[in-house]
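Each remark here refers to the structure printed beneath this line.
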Amino acid sequence: MMEYLDQFAAFLSVYPAKLPQWEGVLIRAIKTTLIVTAGSFAVALVIGVLLALARLSKNALLRGIARFYIEIARGVPALVILFLLYFGLPPLGIVMDAVPTAILGLGLSTGGYVAEIIRAGIEATHKGQREAGLTIGMSSWQINRYIILPQAARISLPSLMNTLITVLKDSSLASLITAPELMLRAKAISSTDFLPMHILLLVGAIYLCLAIPLSQLSRLLERRMFSKLGNRM
Amino acid sequence: MEQFGDLFTRSASHLEVLLQGAGVTVMITLGSFVMAVTIGLVLAVARTWKIRPLNALIAIYVEVFRGLPTLTLLFICYFGLTYVGIKLNPLPAAIIGLGLSGGAYCTEIFRSGISALHHGQREAAAAIGMTPMRAMRFVILPQALRITLPPLGNYAIGLIKDTAVASAVAAPEILFRARNLSTETFDTALIYLLVAVLYLVMTFPLARWVDHLEKKRKAWQ
Amino acid sequence: MNGNGQIHVNRCDFGVKMTENKELLRIEGLRKDFGTLQVLKDISLSVGQSKKVALIGPSGSGKTTLLRCINHLESPTGGHIYLDGDLIGEEKRGVRYVRSSAARLARQRLDMGFVFQNFYLWPHLTVQENVALCPWKVQGKSQKEAMDLAEAMLEKVHMAHKRKEYPERLSGGQQQRVGIARALAQQPKIILFDEPTSALDPELVGEVLGVIQELAAEGRSMVLVTHEIRFARDVADEVVFMDGGLVVEKGAPADVIDNPSNERTIRFLGQLRG
């Protein structure tokens, strides 16, 4: 027992020496991680809303395109999409930096999920509400804008928060196309300092510090929504 | 015409290599799936015993392993564990890493499956003289399994996609072979498109099955 | 075709009395099929300015469908609707009728308020916002103007004190009164009510009927689908009895309700009286 404690203390004793060295790099890396996360989530939201509306539209072509997109996004790993964009496009003359590529690729890939979440939210609003919008002379665009989407957003909020957590985690994939975010720095540090476990646990803890508040918040929202629905029934 | 013929032969030769990788992808998927479901079932049932410290530990496990990126977990298994003298090969490292994070998901899936059942059911089972163990085995779990099939299917789809991350620890699965192939042939766009198609082919039947289950459940409600 | 008659009527339309006789809503040979099911077979009706028409009939006779066809929530299979001489939802091109643009139909719907059996208030908006949405976002009034108008309309239905609440906090009767205020806020030429009290607990029916009666007394034009026979007799200028997708009998309330001539009407009213 004592022996293990000693080992643990020895393990920890590395941090005070190394942290000042790592600090600057890691803080910049956290920023990049957050930029990739926020950027790709924003892209996914825009794509998701458009796809969800297309999926529910009267136009069969739009519906088909949306279904096709969602199907592909559901079946192809985000990492493959990143590689396709980052390594596959330059030979065709399209060159993008790693961070924009990561934002675009993760956004495209997550957009399909977001679309399904928003669609479920839209379908949860009663058809009568859309009709009530028609009777006061609204166009279908206005009905979506003022009646359907605000409610769909509220209903989908907990699931969207979970998606945000997934995007945060998936942003680590950007390291594999050399975007200078947390995992790339972790790997670089572990090969220069030969302290893989130390840096990986630290980076893991950073991810948790970012993810756990989000997941608590999502749970809170979910619970609040359930009790609200309970009132209504 | 010639170009298409060329495209066809190129695709065929790439596919030969990629398909070998697909075998490894399937192995990683199956291995980590079994591990994840086992962990999930055990922990979800253990939670129902309502032993405080145990539940706290389970909750911590779930939070931590759901919050960590898969890539971080794989790196910890592959590079990190060498610090404590454990040197895992890429394949076991991938299976253990994916299995551990999957275990956290499956615990949640089974937990909500079990809690979706009215506790009246448990009481009804007790009323006809079943022990809690038997009630779990014959009444609760069979129903919970049915409820959890769609989310489990979705998890499996996600898992197949997640195995692509194993390429980063040099497990010779599809994407790893694709990377090597593209540095050898520079046929990058075609290779990654083929990879995308391969993953689609693997996930498609599962996706259809899940959709089918969900439709059935909707009709049932 | 309709235009000529309209001009003629307008020309000798001097006094109040004549205005009252002016035709507001005309339904011409309306038919509606759902697949092979003929729900409306051939309905022609006319509602004059400031008139209240009560529509009664057994369940499934097509009352709701008729109301929904009037503002093209359902597009009719055949026949035409005119409001104030304006052909609704269609345009005449030579001898053919073509569906009009969504924008034009939306503008026309502004002239017809609709009150739903199940209210369909928007749960994410406050009571006042529910009522203000049309004047604000559709009619382009300023937010303040729209909110003031909404408050005035809520006043009319005695709901101004609840204007900051969300619909889910209101009773059914209160929700329906807000639904009526929402229809009033679009300043319609006519209001269509589809069984406004059917979804309510019995003790809440009175407050909603009271509001409708006050609106009727203001001289508003309305079509009211209802099972409240006594109310229909008190308020309506004309009662229309529908059955099986047809108008079976229509006339003054005293005639249709108290002295029905058609055997089906007699049976229906008999059942209602128990």
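First chain written, first letter: the chains are A, B and C, and each begins at residue 1.
As a convention for this text, contacts are C-beta pairs under 8 Å (C-beta built on N, C-alpha and C of every residue); 3 or more make two chains touch, one makes a residue touch a chain.
Going by UniProt, the chains are A, B = Amino acid ABC transporter permease.
All values reported here derive from a predicted model rather than from experimental measurement.
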Between A-B and A-C, the pair with more C-beta contacts: A-B
Central chain (by mean CA position): A
Averaged-CA centre spacing for the pair chain C and chain B, given as whole angstrom: 56
For chain A paired with chain C, centre-to-centre distance based on mean C-alpha positions, whole Å: 48
Centre-of-Cα separation between chain B and chain A, whole angstrom: 19
Chain A, residues touching no fewer than two other chains: none
In the complex with chain C, residue positions of chain A that touch it: 126, 128-129, 131-132, 134-140, 142, 146-147, 150-151, 154, 228, 231-232
Residue ranges of chain A touching chain B (in the complex, touch as defined): 71-72, 74-81, 83-84, 87-92, 165, 168-173, 175-176, 183, 186-187, 190, 195-198, 200-201, 203-204, 207-208, 211-212, 215
Touching residues (chain side chain B, partner chain A) in the complex: 63-64, 66-73, 75-76, 79-84, 157, 161-165, 167-168, 175, 178-179, 182, 186, 188-189, 191-193, 195-196, 199-200, 202-204, 207
Contacting residues of chain C [partner chain A, same complex]: 71, 73, 102-103, 106-107, 109-110, 112-114, 116, 118, 120-124, 133-134, 137-139, 168, 182-183, 185-186
